[in-house]
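Across the two complexes that follow, chain A remains constant while its partner is chain B and subsequently chain C.
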Partner chain A sequence: MSELNNSAPKKGLAQKFDDFKALDARDKRSVIGNWLLDHAMIIIIVLLVIYIQIQRPAFLATASIVNIIQLTASRLPIALGIAGAIILTGTDLSAGRVVGLGAFVAAILLQKTGAVGRFFAVGDPWPVLIVILLVLAVGAIIGFINGFCVAKFKLHPFIVTLATQLITYGLYLTVSSAKQISSLDESYTTNLITAPMFKIGNTPVMMYVALAAIVTVIMWFIWNKTTFGKNMFAVGSNEEAARVSGVNVTAVIIGVFALAGVTYGYTGFVEAARMGASTGTIGLNYELDAIAACVIGGVSFVGGIGKISGVVIGVVLMQLIMSGMTFLGISGSITYVIKGAVILIACAIDMRKYLTKK
Partner chain B sequence: MQEPTQLLVMEKVSKSFPGVKALDNVSLTVKAGTVHALMGENGAGKSTLMKCLFGIYAKDDGHIYLEGKEIDFKSSREALDNGVAMVHQELNQALKRSVMDNIWLGRYPKIKGLPIVSEKQMYTDTKKVFEELGINVNPKTIMSTMPVSQRQMVEIAKAVSFNAKVLVFDEPTSSLTEKEVDHLFRIINMLKARGCGIIYISHKMEEILRISDEVTIMRDGQYVATKAAQDLTMNEIIKLMVGRELTNRFPPKEYQVGNEVVLKVENMTAMYSALQNVSFSLKKGEIVGIAGLDGSGRTELLENIFGSANRKEGKLILRGKEIHNRTPKESISNGFAMVTEERRATGIFSIMSIRDNTVISSLKKYLNHHAYLSNKAMAKGTDWSIKAMHIKTPSQSTKIRALSGGNQQKVIFGRWMLTQPEIFLLDEPTRGIDVGAKYEIYQLIMDMAKNGKSVMMVSSEMPELLGVCDRILVMSGGRLAGEVDAKTATQEEIMTLAAKYV
Partner chain C sequence: MKKLLSMVLALTLVLSLSGVAMAEGNTQVFWYSLSDVYLSNVRTSLNADFTAAGIEFVDQDANATQTTQTDQITTAIATGTDLLCVNIVETGADGIAQNVVDQAKAAGIPLLFFNRSISEDVVKSYDKCCFIGTNYEDAGIMQGNMIGDYLLADYEKYDLNGDGEISYIMFKGDEANQEAIARTKYGVENADAKLTAAGKPQLKFYDDSNAQKYLVDQNGTWSRQVAQDYMTTVLAQYTEANGNMVELVIANNDEMAIGAVTALQQVGYNNGEGTVTIPVFGVDATPDAVENYMKPGFMAGSIKQDYEGMAEAICTISQNMIAGTDMFANLNENFTVTDGWKVVIPYAMYTGE
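This part shows the complex of A and B:
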């Protein structure tokens, strides 16, 4: 058997430094270069924050930080859902429109009694708990359909979710007649989702931040501690290997997409309350931001690779960039250019890790 | 002494695919506590038969009995649960996951009463299996960071860990070194002593005769014979496999190596691999073999010469003129050709036709008016290749994946012949190719040399190097350990050199 022992003890810092000193100049340069590239995203964030802070001292004021946290909280669950699809070497384009549909369902069931132009002319708002379960179920059903088509018909997720995106949006438009649904009940909005939990300085932090944290913990648990999570990584890494090892690949794929659907439904529920209304633009292009956040956070399209912490960092970074651009007074149009560039750079750096050097 | 019990009986199993009868009434009986070798050329139906047993394919006809009870597995899961495990020919592993994640995939141990995977138990269980089998690998290592041979051992450990009664090994040694093969055989003997029945599929005769108790031979999807291993010789097996007698395993040499030095390699050192200071020269019409253990830098040497790996230092002198070969493209224009080690991964374009696979390296030759590709010219080139390489194919438009390994390799040889190279770099040119086809590949290599081309050939099979080459360079630990004359050298001599810098 191979004598190569993989369980070499971890080297101490001093040892590492001695190793480094022993290298010739050329190798030293490449070690430093690799370290910089491996940590490039973090270095960029830090430099960016320092730069903006010098330019606009209000950037790191509490109000602004809380704002970034809240924006992150609103976009995190959907990114966590999509990350699963990416780990399976897939993607999910239906996310944004499912969020929109979820927001609509939540809004029509939770309008105030007797509101002007109420969707259902008569009736009271439903109990919030039932509505949230219903919205999650709507997301799960669409996710189930996505997963079913991917697993059973062997279609590429890009195609399947492009189709369900269109279908979902079409259904939403048909039922809603593209009307805005506002006057939402307090039991849903200011008493729940946007209820202030506590204050940092003078700025209240809203309830959905805590909810997002709970969702993140649940997702972390599912990914790392359950059979389902481990199977997801295995299927993403090598589907055939998983199959011959006795994993029910179909169930795993359906499960991942259905779980993603649940996170979209949840996001829809939160978004309608946050915006105070359901409109046709809720959810628009959310999937693209979420996919970008995932790849920035190291969830790789090669499959089988990704961490919850990476997704969180990715979402935070996206929000930091957006918020920073606003602070610097950079126009929205240029923001797109910067977002695109960040995605390209992040992916190029990420890909480097999987290239075998010869 | 008591007769060993019949553990697994496969009776008159048949399986058809559209247009082919892959299995025609094949029977196989495996006794407990024995190793049963299954032999036959590629396409003889060995893997198909095993896939029918394992539930990957549904058999059309026939019966399978395990310990006297009829079985018909619908999925690999069911087979595993019933004590039938298989080490697949293609390594099917989740490379980005850890060793232990791979071993327990599909049956992760849970913390009692909770839906939580117990990492701790996975770790200790893996350690236990490895200790029992004498495998020295950290269960937490990520698969992709380990060499292929270690991944292969992990796959074997996984099959053993199912406590299976019947274990199928499908070409388990194709990427193992001799030392690791010895280790595998110790494991197999241990399983034998436990009363397991082992089905062993391999092309390597020496191995088969060493490890097996009984040998069943198949040909063209049909059962040929089952005999006790001790009554068989290599020549008899070959005769049964190919249905005719192969008097020589290697074609005769009927040419003289020239005196003109074509290529000089000086101080070749790789940037990212262990290859260090390798210098040698290559003559016109010469076949130089490169021997060494897995990971000794054989492949890396070829890759550095061909420019598909990054060079740190080193000089290449072609007919007295220095060349650089910075990229494969540059090397090809300098008259080099390279047949890569892993044919399926880096050799063929499996879903493309034989014609596309043939002309891909010499497309510029088929341009009409320097603008568009001429189908007629490409068909002509491909026709030449099919004839010259004796490729057996129904047509040029057949997808290359439909061909046998030997014929695929011949297509690749033809591809390179069309670029009219001077120097051929061959990395394991006969890996995964059956006996009959190997002979034809050897013939092609010798023909090249006869026509004044120079060949460098990496191989793990020493008889092959001794039979085909003029001279053998032996690599060890990334360095050139020595050089032997193929006419006079022995396997022991080569092995000693190969261990020099380990």
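This part shows the complex of A and C:
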């Protein structure tokens, strides 16, 4: 929950324990019950991990843990971006296609010299640093357009981003002719994004894990330590109140969507390198997984509520479930059912907190 | 009450995850899409073959998204599976398949690609790797030849407006898929070759302003619905009354062909006795197309992709790979092994007779 809901004075652990002892048996049960429910997602994760570990001892082997961390790292930035839009009681359907466009821009500029079927017949790969800035800028521009339309024309983000999703994909198809861009330069792939940083046992951990950690820290800083971040929560909880108290609501909305766009561009940059090529399906439906992860992690469509740590937990939980199902040998068809059930149940549990408060 | 309800929900969640049947997961099969009709026929046969051979398996769905599939494969490798059977999503980019091969190679797990094509260099970069498929150009070539012969048998009948040319519409399953590209090309080229050899003009695309000369499923799913929607739109403008009716339908697969037939039926064509039948051609000869469309004469022909043969070849090679023996041992002699990397399952023409 946000700072706004933490208005009660913080108590020391000892004080809390004394308070607890002072309660009668009935209240004690109620406090324990509430605690269990408030931490239901964490408890479920722990139970799940224990269960899968008993069934499949390889689940917590280093190879598997590294795999889950890497998958989480690849999904986290987009979820962090989209969480901002959800905090504003909005959503962002353009995310996945912006990822695809970002991947495409990165791939065409970083194709090997003389690759067969090279997108630009002649030329060398650009410097990676320039390309990443360019890709982030592409994301920021689309995000800016999203935010501008939402703030200025008072359109619901669902409509605006549905439109930009289609436009972005259409532009991508027009420019790319749906060609796959393969043969990416090593300065981009194996020497940067998928470069092994170090090994745990025999399993290398790739560079994009560190990059995702950096992105997370930056986002945490923006959300919690900047005026912009505080304004974002203010606008999300009550736009009118924020406006009256002097917050530039338009700037905040545009800023949140543009920042989200940057995270999509970044994700596109990583995905093309991770896959070894840019294709038309990169990014497809990423926004849906990201939104699901956010709401599982307690970022609420009610608005003004959400924490970076919650988003991280949401993404980790999604990956644990997906990975766990592979370990348990659950077929693809059932996977969808379980994924849907998890989203539904997680949100129902989460919503209970706000319902009791109202 | 609310609390009780959410407790129950939480419990259900945990139970739903633990209550599922346990399989050993020795073999992981990665499907391009569980909703693809031809592949679901392969899957039904393969599941039966695997069960009969005592191989434990799990089917995974990439939902037509390569990133999903690559992540599934990475996860499966982390579980220490014995064999990977991959029906790859992206067929045009070697980088993606190479990425998968490199991962399997690093873990020493045998890897079998099937159905969706992989280039020779990629397969040969790993000694425990092979590809089971078709000579993908053959389907289009065979379809084109079939169309040419079919039209020449009664050319005037099919030339509805009597302008001496046959106007056609082409449905492409996926913009970037190599098989779709080849079928789109040869389906027309080979029919043209037959027609010109018999002194007839080439086929004419129904819409002069479309330079691509095909309509493509933008989602790349070779979908019945997409073809039906296109065809309905086309038939609103192109009719016998206007003298510009589409006189031939060529589709990259049976699903798209069936979509076109459905659209034709809605405006009174291809409905058996008493109605004009526009020749519609597909590829795959799926059970649905054969039983419900070709036997009653609503669809003119298709090219049979032998799904049972495909499943049989996958199963035999899987057994060999798991046992660590020669990959191609005990293979049915109908299948040819090309150059030590590719097993070819032959196509056949099918007209519903």
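The working rule: the second predicted complex is superposed on the first by the 323 of 358 C-alpha atoms of A that agree within 3 Å, B and C clash if a C-alpha of one lies under 4 Å from a C-alpha of the other, contacts with A are read in each partner's own complex, and residues count from 1 in each chain.
Note that in this section a contact is a pair of C-beta atoms (placed from the backbone, for glycine too) under 8 Å apart; a residue touches a chain by one contact, two chains touch by 3 or more.
Given the structure is predicted, the values throughout are model-derived calculations rather than measurements.
Asker: Given the touch rule stated above, what does A:Gly276 touch, chain B (first), chain C (second), both, or neither?
Answerer: second
Asker: After superposing on the shared chain, does chain C or chain B touch more chain A residues?
Answerer: Of chain B and chain C, more residues of chain A lie in contact with C.
Asker: Touch check for A:Ile349: first (chain B), second (chain C), both, or neither?
Answerer: The answer is second: A:Ile349 touches chain C but not chain B.
Asker: Check the residue A:Thr335 against both partner chains and state whether it touches chain B (first), chain C (second), both, or neither.
Answerer: second
Asker: Is A:Ser245 contacted by the first partner chain B, the second partner chain C, both or neither?
Answerer: first
Asker: Once the structures are superposed on A, label A:Thr161 by its partner contacts, choosing first (chain B), second (chain C), both or neither.
Answerer: neither
Asker: In the overlaid three-chain picture, which partner chain does A:Ser237 touch, first (chain B) or second (chain C), both, or neither?
Answerer: first
Asker: Touching A:Leu37, do we find chain B (first), chain C (second), both, or neither?
Answerer: So A:Leu37 only meets chain C here.
Asker: If you lay the two complexes on top of each other, which residues of chain A touch chain B in one and chain C in the other?
Answerer: Shared contact residues on chain A (touching chain B in one complex, chain C in the other): none at all.
Asker: Which stretch or stretches of chain A touch chain B in the complex?
Answerer: 1-7, 225-227, 229-231, 233-234, 236-238, 240-248, 302-305, 357-358
Asker: Touching chain A in the complex: which residues of chain B?
Answerer: The contact residues of chain B facing chain A are 56, 75-77, 80-81, 86, 88, 92-97, 101-102, 105-108, 110, 115-117, 134-138, 141, 145-147, 149-150, 153, 158, 179-180, 183, 270-273, 300, 303, 308-310.
Asker: In their shared complex, at which residues does chain C touch chain A?
Answerer: Contacts found on chain C: 2-3, 6-7, 9-10, 12-14, 16-18, 20, 22-25, 28, 31, 34, 56, 58-61, 63-67, 70-72, 74-80, 89-90, 92-96, 98-99, 175-176, 218, 220.
Asker: Where on chain A is chain C touching in the complex?
Answerer: Answer in residue numbers: 33-34, 36-37, 40, 43-44, 47-48, 51, 55-56, 58-59, 61, 63-64, 66-67, 70-71, 74, 173, 177-184, 271, 274-277, 279-285, 321-324, 326-336, 338, 341-342, 345-346, 348-349, 352, 355-356.
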